[in-house]
Amino acid sequence: MPEYYHPNREKLHRIIFGTDTFAGKLFDVILIIFILMSVLVVMLDSILQVHSKFAGIFKLLEWFFTIVFTVEYILRLYVVKRPLKYATSFFGVVDLLSVLPTYLTIIFATSHYFIVIRILRLLRIFRILKLIQYLNQADALLQALKASRAKILIFLFAVFNLVIILGSIMYVVEGEANGFTSIPKSIYWAIVTLTTVGYGDISPKTPVGQFIASLAMIIGYAIVAVPTGIFAVEMSKARRADKMVFFACPSCGYDISDIDANYCQNCGYNLKK
Amino acid sequence: MPEYYHPNREKLHRIIFGTDTFAGKLFDVILIIFILMSVLVVMLDSILQVHSKFAGIFKLLEWFFTIVFTVEYILRLYVVKRPLKYATSFFGVVDLLSVLPTYLTIIFATSHYFIVIRILRLLRIFRILKLIQYLNQADALLQALKASRAKILIFLFAVFNLVIILGSIMYVVEGEANGFTSIPKSIYWAIVTLTTVGYGDISPKTPVGQFIASLAMIIGYAIVAVPTGIFAVEMSKARRADKMVFFACPSCGYDISDIDANYCQNCGYNLKK
Amino acid sequence: MPEYYHPNREKLHRIIFGTDTFAGKLFDVILIIFILMSVLVVMLDSILQVHSKFAGIFKLLEWFFTIVFTVEYILRLYVVKRPLKYATSFFGVVDLLSVLPTYLTIIFATSHYFIVIRILRLLRIFRILKLIQYLNQADALLQALKASRAKILIFLFAVFNLVIILGSIMYVVEGEANGFTSIPKSIYWAIVTLTTVGYGDISPKTPVGQFIASLAMIIGYAIVAVPTGIFAVEMSKARRADKMVFFACPSCGYDISDIDANYCQNCGYNLKK
Amino acid sequence: MPEYYHPNREKLHRIIFGTDTFAGKLFDVILIIFILMSVLVVMLDSILQVHSKFAGIFKLLEWFFTIVFTVEYILRLYVVKRPLKYATSFFGVVDLLSVLPTYLTIIFATSHYFIVIRILRLLRIFRILKLIQYLNQADALLQALKASRAKILIFLFAVFNLVIILGSIMYVVEGEANGFTSIPKSIYWAIVTLTTVGYGDISPKTPVGQFIASLAMIIGYAIVAVPTGIFAVEMSKARRADKMVFFACPSCGYDISDIDANYCQNCGYNLKK
């Protein structure tokens, strides 16, 4: 390790990125609470009646969380050895996005779109959860999902073709008078029907349309078996993943899942040095 | 066994908590009928037209069932050796709650909320069913559910995140004019859509909203495969549970499922004494 | 075989109940066509516009089919050795019910309820299909369904309790103003929601109600995994049923599936005589 | 090979039907883009607001794609040895149908039905995809679907009977006043309900009707397990199909999936000559 790396930075790194110390665990718990609270504030603020009463408090809280997350972001940049690698990683970008909207409101007017970016803070919880025990289970799930990805994509491609053709037929059969005003809208109807959601905002009125819709529903009902079958088989194959993440790359903060790894997958840092 | 324990009490205990005697079976059957009838009365009483005609009879029946269940509750307290342990157990609380609302109507005015508490009487059936043969099957089910709990929780957590982000996006895209009046309401819509329930009370109106909704539906349609796959795999692993509950703890009435158990799991009573 | 049994009766028996002769196959095919046509007539007759035009022809056709089915019914009674046993068997009753409504219209006025009885003719197709090859597959399905019956019943009992409690809670929370006019109606809503049907004729309006409904939907979405898992496991256990029905009891017309059977399961006739 | 077969034709054949050369791959990619773009044009043209602005450009583009596909169709006819065999094969017909509607608009007025035929161009993508690697996965899927076909057909036949009987009962119970105007319409409702689509355009109003509907929903909810169970089992049996299509019959363009095949399955051409 290069000599300029101060022991305090290493200690901080363990607290912020690690979970093996008491301070590290405390840091994670407090962070999760802050993230959830900040998301809750965004959600409550969107309710008109609540907004009209507490708009002031919500603005204050928003600034409080933004400053806390900013300090955290700067600390993360400080403790990793390659700040740029961290800043351009997935969670680095999410961390930045979770503070940016509030600062932008100083320059620009508040935009509706900032709300979505603020809600994305939720994703930060996944990083913390990645480090805890439950992950074993998630790994088994992800493994099965990855293995069945190709088959599920083919299935979705077939469904994609089916809804386009079905939508076009219904557009011609039912016509604009019955709510099927265009092919894209009819495709929307086909998806609503085939997935058995069935809002009822558009529904066939003519006997022929209702007959075709009936066929579509039965097809939709039967083919839900396909992804389930695919996934169940992969799931039964998946051996329980028993490896566990326990350390983060000291250089960029990337989670190292392989205890025997020599180099970080993300930045190439020599872990055995 | 301590000498003050009267043989009649032991006999009663066998009738009330056990199922190995004719009297015990009869007691259970009558109790199930009374429970179902009392729930039926609550249900019928909630229908305005029926209430206006039979309100008097229903009140009488309610008092009849309450008194029967009160006597039963007192008997249960009497026959168990540690009444407090029984009274604070899950089914002890349910037993008390099933008689309390009627007495409270003397003091307070009848509350709407008492209805739900009365309906909870239904849960008492599970205690009785726990003792009969079908339980073997339920055990196999519960075992598979327990084994898949962790994976299903992770899945639900991912769904939970998905609906919050999806709801926020739709709130911004569709806006208040189209019924997406707040983020919580939009999340409600996202759940209605992703679970393929699709009431249609709120549905996207803009082309962009309908496109995002289509994606959400297809995702919802595909990911139902995940819990099914998880459960099917655990189910196939679960060996048939062939143990059966046949006796209740003489001290607190807790169901002992392990025939070789030395002590009651609930109150620690020495069963081999 | 007793001497009074005329060889022509035996020959007719083979045609009507058997499928191993050309005449027997022809009889079955014609019968299926007549059944489907008579059901189609009932269906078309229910459409007001069609009825007003073709009511006369439909009445004529109905009488034609009734007479054909009556002749067939009498023939069946004639060729079996124990007519009473046949007449009281499941398909014997269905055969009688398929001709009765038309005759009853002479005595009584036409009743709406006769329509359902006429449609039940459809069930007669199952008897014929029971004799053909596809049954092997159906057997494997039925075997799996039988094996999983107990577990699915327990699951349905749990669902039954869930919808009653859920319905009661929503009745109290939403109240009559929002369409939850009684507990039975609220239970209807709970079933519509939990099964992900979601008509939208009743839907929660209050935030608390929408929150509880959201929970119910997610539960409903997750627990569909349970029957699927149960059935998939039983299905994978079920060995392909490779036996096939090929003869009917000469005494009562019951389908004998076991080629080595000594006595008819239905009437106890000695098949090896 | 007969001497009149010009080497250029063979070369062209490899480009148009094969994927093993760079030119062949390029040809496929361009074709897919053209197909998708032409479908997109049909879809956009169906939106009134877009049509009123770009009708001219869309007509031009439609002619451009038609001419391109016509040239491609003629080339395909030219390079295969038995043009008639190709022209009457499934994809030959699809290829012809994708250009025909535009030419027909010269003779006849534009018909709404031409839209559906134009959308069918989408099917042409399947031919191209058939030749690429993903097919292995699709093969495994199709194999499982084929193996479970008989069981799923029986299941659908049972569902078919169920919805007819259910529809008839509801027609009688609910009657025309509540939207169940005829048996076919009630059957449509039964399908909408049983498949858990639940538009809500028709929904039961009477208590008896709601009770029957509740039963139907629970049945529909439970029996979705059947196709899933069937398919999952077949899926787990299906060994990974590891064969891959790599060449097309030089005589008719049919995809040969078996590398050791001596004769084309479609036209009987001697492949080993």
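We just call them A, B, C and D in the order they show up, numbering each chain from 1.
By our rule, a contact is a pair of C-beta atoms (placed from the backbone, for glycine too) under 8 Å apart; a residue touches a chain by one contact, two chains touch by 3 or more.
Computed from a predicted model, the values in this text were never measured in an experiment.
Trainee: Can you check whether chain C and chain D touch via the same residue numbers (shared by over half) or via different ones?
Mentor: different
Trainee: I'd like the angle of the rotation relating chain B and chain C after CA superposition, in degrees, nearest 5.
Mentor: Copies differ by a rotation of 90 degrees.
Trainee: Determine the centre-to-centre distance between chain A and chain B, using the mean Cα coordinates as centres, and give it in whole Å.
Mentor: It comes to 33 Å between the two C-alpha centres.
Trainee: CA centre of chain A versus CA centre of chain C: separation in Å?
Mentor: So the centre of chain A lies 47 Å away from the centre of chain C.
Trainee: Would you please write down the residue numbers of chain B that are in contact with two or more other chains?
Mentor: 155, 184, 187, 196-200, 224, 228, 230, 232, 236, in rising order.
Trainee: Touching chain C in the complex: which residues of chain B?
Mentor: 39, 42-43, 46-48, 112-113, 115-116, 119-120, 122-123, 125-126, 129, 134, 137-138, 140-141, 144-145, 152, 155-156, 159, 184-185, 187-188, 191-192, 194-201, 224, 227-228, 230-232, 234-236
Trainee: Report the residues of chain D in contact with chain B in the complex, numbered from low to high.
Mentor: Going through chain D, the ones touching chain B are 196-200, 228, 232.
Trainee: Taking the touch rule as given, give the residues of chain D at its contact with chain C in the complex, in rising order.
Mentor: On the chain D side, the touching residues are 150-151, 153-155, 161, 164-165, 168-169, 171-172, 175-176, 181-184, 187, 193, 196-200, 203, 207, 210-211, 213-214, 217-218, 220-222, 224-226, 228-230, 232-233, 236.
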